[in-house]
Amino acid sequence: MALEVTDWTPSGDLKPVGGVVLVVVDIQGGGLNSPVENDANLMPGRAERNPKAVDLVNSFREKRVPVIFIQEVHKPSLVDIGRELDGSEGPHCIEGEQRTRLHPGLEPRPEEYLIQKRRYSAFFGTELDLLLRGYQARTVILIGGMTDVCIHYTAVDAHQLDYHFRTVTDLVVGSGEELHEAALRAMKYLQRDSLVTSQSVYEWLETVPAVEEVPA
Amino acid sequence: MALEVTDWTPSGDLKPVGGVVLVVVDIQGGGLNSPVENDANLMPGRAERNPKAVDLVNSFREKRVPVIFIQEVHKPSLVDIGRELDGSEGPHCIEGEQRTRLHPGLEPRPEEYLIQKRRYSAFFGTELDLLLRGYQARTVILIGGMTDVCIHYTAVDAHQLDYHFRTVTDLVVGSGEELHEAALRAMKYLQRDSLVTSQSVYEWLETVPAVEEVPA
Amino acid sequence: MALEVTDWTPSGDLKPVGGVVLVVVDIQGGGLNSPVENDANLMPGRAERNPKAVDLVNSFREKRVPVIFIQEVHKPSLVDIGRELDGSEGPHCIEGEQRTRLHPGLEPRPEEYLIQKRRYSAFFGTELDLLLRGYQARTVILIGGMTDVCIHYTAVDAHQLDYHFRTVTDLVVGSGEELHEAALRAMKYLQRDSLVTSQSVYEWLETVPAVEEVPA
Amino acid sequence: MALEVTDWTPSGDLKPVGGVVLVVVDIQGGGLNSPVENDANLMPGRAERNPKAVDLVNSFREKRVPVIFIQEVHKPSLVDIGRELDGSEGPHCIEGEQRTRLHPGLEPRPEEYLIQKRRYSAFFGTELDLLLRGYQARTVILIGGMTDVCIHYTAVDAHQLDYHFRTVTDLVVGSGEELHEAALRAMKYLQRDSLVTSQSVYEWLETVPAVEEVPA
């Protein structure tokens, strides 16, 4: 029984099970360079990831595979902040600030769902599980951030709720390199097929039949 | 904003907030040397931790501070195993096997609660939150294992449910050294006061008034 | 042990415990006469209740006692409708329709929370519990509808989550007279102090100290 | 739109959807005449229902259709009683008392699940949803009591979690005749096919193929 995960190279094969939903977690910033004010210590990678995330979302839309958007938001009063100021983060994702807005191009369309959440896991105090059941999804694909916080804890809840999850390792960014890598290892510990490349997602999308336009 | 946690030395000061409950997570094995069959790759430390855990539990009992015991159990049919075979772990914690039993000395007394769980977080599909509210607890102290799985994910849910959590770093054991340390860092990321020594817990217990025996 | 509730006269005394939050459940219709298209069989009372609900909400705002607004909404695709078409109701609360909008005067202010829900209980798949904890509420006051569906099942969850609940009997309307009354009896079965008049709420509000205006 | 349910005659056709699980809710009493001490005001029917419930459970076992047993239990300390003393019920289902035990013949076999719950809904703070997913159930059949409390609120949660539920009207007993009937109407409001006779369950069971004995 070799429990410890020592190789966390992503797989080139998505291997989804049942229905698929793409979950875009907390890609915010409203087009500003950074979602936080003083980002000197943030793990880099957002500027490269964000346009790639837009491309992936648009590819899902073309094939009519559902996308759900997650946005962390707190009222300026911080009534809903819980214990989120007891750790490394200061006040963040304040409603009304530009940097709290979704990244341009990642705003939901009328038929798509936006879930505004108050905690790290996208399942906590939200309708995410209910919507995934509505879509008859069994596999959730995760992109966004941060790898070691909202992505990791969303993956844990997906796992505990019996979903297969796939984290796109080149489309997630962590709070720092080490915790980013540790979170990937922890996710692979949970599901050995969970780490994938965006390339593998595109290859799977190509196998999804095109949607025929139905005249209205 | 320095998000990344680079120092995870435990604190010598428990600093509990409000009511306290000790949660003993998955200290199983039934007295066997190991809770799993082939443990060559397991992070060592259980043999040293277990008697210390018994001592701590007894000290809580003396001061009438509540203790809740958590035990992971799965039916031999594995109906309840969910996705737990999709990762690093094989079938584990099978009902009826000796190694699934609680460690001797850690069996709940009649007035104490035992929560048998099917997933990693002790809050998932259980009455833990309800019991903590019943005890009017605001701080949960975590001991047991594994640091990077059941302890970490129980801490995350405690955090999201607005509890203060304290992980006793010398009384938790992980799946491996690296993920053990990464999980401690992740917990400190959530709550900067969350890592403590068993020494600090004992020092706090000394400040709890002795319970006077009431004649029946 | 006389279990059955035979008298469900509301109390003239609110008797709140701890912090109070007013929860306005599904007062929708967007100013139309009715929230449903064909309302011949609906229990009457909405036209009288709605302006009274606006007055009560404004009185809470004056005293800075928090108000949370609940709105049932479903996408036109009905992905999120669950089993809600298996019973008496047809498609309802469709996003984008005028009758799905909140009643005029009951739209949340920027500092107030709006919870859009997909099921009957306002706690199911929502952040309501989390927000009530944030407000340090122990008592929830319920107005809106329908008595025997969303009000009843929200009250049940509040009860099970250890809140004291108060249903304002002259500000709730049911699907029909008999089920309206049966639901009031069921709520009184759960908490004997749970049925109150709007008069009792106003009398309590008078005891809440006025908020002094703080210069900005 | 005729919302109100005026006819609650049970159906003679079970019409299950997908996998089926029988959920036996709170049939307790340990063989005593009554599960409560002073039962003068209790709706009668338990003495007739209980042996019929045993027969039905045994018929499910013969066809290997899963049965899950629910038992309400509270510690003598009442730490876990929540708000359940604020209404019509006094202290009830105390651990260790004979009347808290399951009715003879309704004790789970080793391969069957027993869920001990602290609140009225069998889903609240329990693993029921997780187990139903494990059994791949989409339809739950409810028997036991009380119709207007634990049965009703379990049905509501089943409904909100997208299960089809069937309440066997001749195998449930309420707190009183009127609330028993009102709860049946409320359940039919939720799912128009939800009220069935035990006869219809037996007729469906006959269509389930016999299990061939596999030599060990």
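The first chain written gets the first letter, and so on, giving A, B, C and D; residue counts start at 1 in each chain.
One rule holds in what follows: a residue touches a chain if its C-beta (ideal position, glycine included) is under 8 Å from a C-beta of that chain, and two chains touch if they have at least 3 such contacts.
Just so it is clear, the structure is predicted and the values come from calculations on it, not from any experiment.
Peer 1: Give the fewest steps needed to get from subunit B to subunit D, where each step moves from one chain to a chain it touches.
Peer 2: Minimum number of steps from subunit B to subunit D: 1.
Peer 1: Using C-alpha centres only, name the chain that sits farthest from subunit A.
Peer 2: If we average the C-alpha coordinates per chain, D ends up farthest from subunit A.
Peer 1: Over half of the interface residue numbers used by both subunit A and subunit C, so same, or under half, so different?
Peer 2: same
Peer 1: Please state the rotation angle, between 0 and 180 degrees and to the nearest 5, that superposes the Cα atoms of subunit C on subunit D.
Peer 2: Here the rotation carrying subunit C onto subunit D measures out at 180 degrees.
Peer 1: From the mean C-alpha coordinate of subunit A to that of subunit B, what's the distance rounded to whole Å?
Peer 2: So the centre of subunit A lies 29 Å away from the centre of subunit B.
Peer 1: What's the distance between the Cα centroids of subunit B and subunit C, rounded to whole Å?
Peer 2: Going by mean C-alpha positions, subunit B sits 39 Å from subunit C.
Peer 1: Mind checking the centre-to-centre distance between subunit A and subunit C? Centres are C-alpha means, answer in whole Å.
Peer 2: 34
Peer 1: Two or more other chains in contact with one residue: find those residues in subunit B.
Peer 2: Residues 82, 119, 124, 130, 133, 162.
Peer 1: In their shared complex, at which residues does subunit D touch subunit C?
Peer 2: Those in contact with subunit C are residues 1-5, 36-43, 82-83, 86-90, 119-121, 124, 148-149, 152-153, 156, 159-160, 162-164, 175-176, 178-179, 182-183, 185-186, 188-193.
Peer 1: Which positions of subunit B touch subunit D when the two form their complex?
Peer 2: 75-77, 79-82, 95-96, 110-111, 113, 117-119, 124-127, 129-131, 133-135
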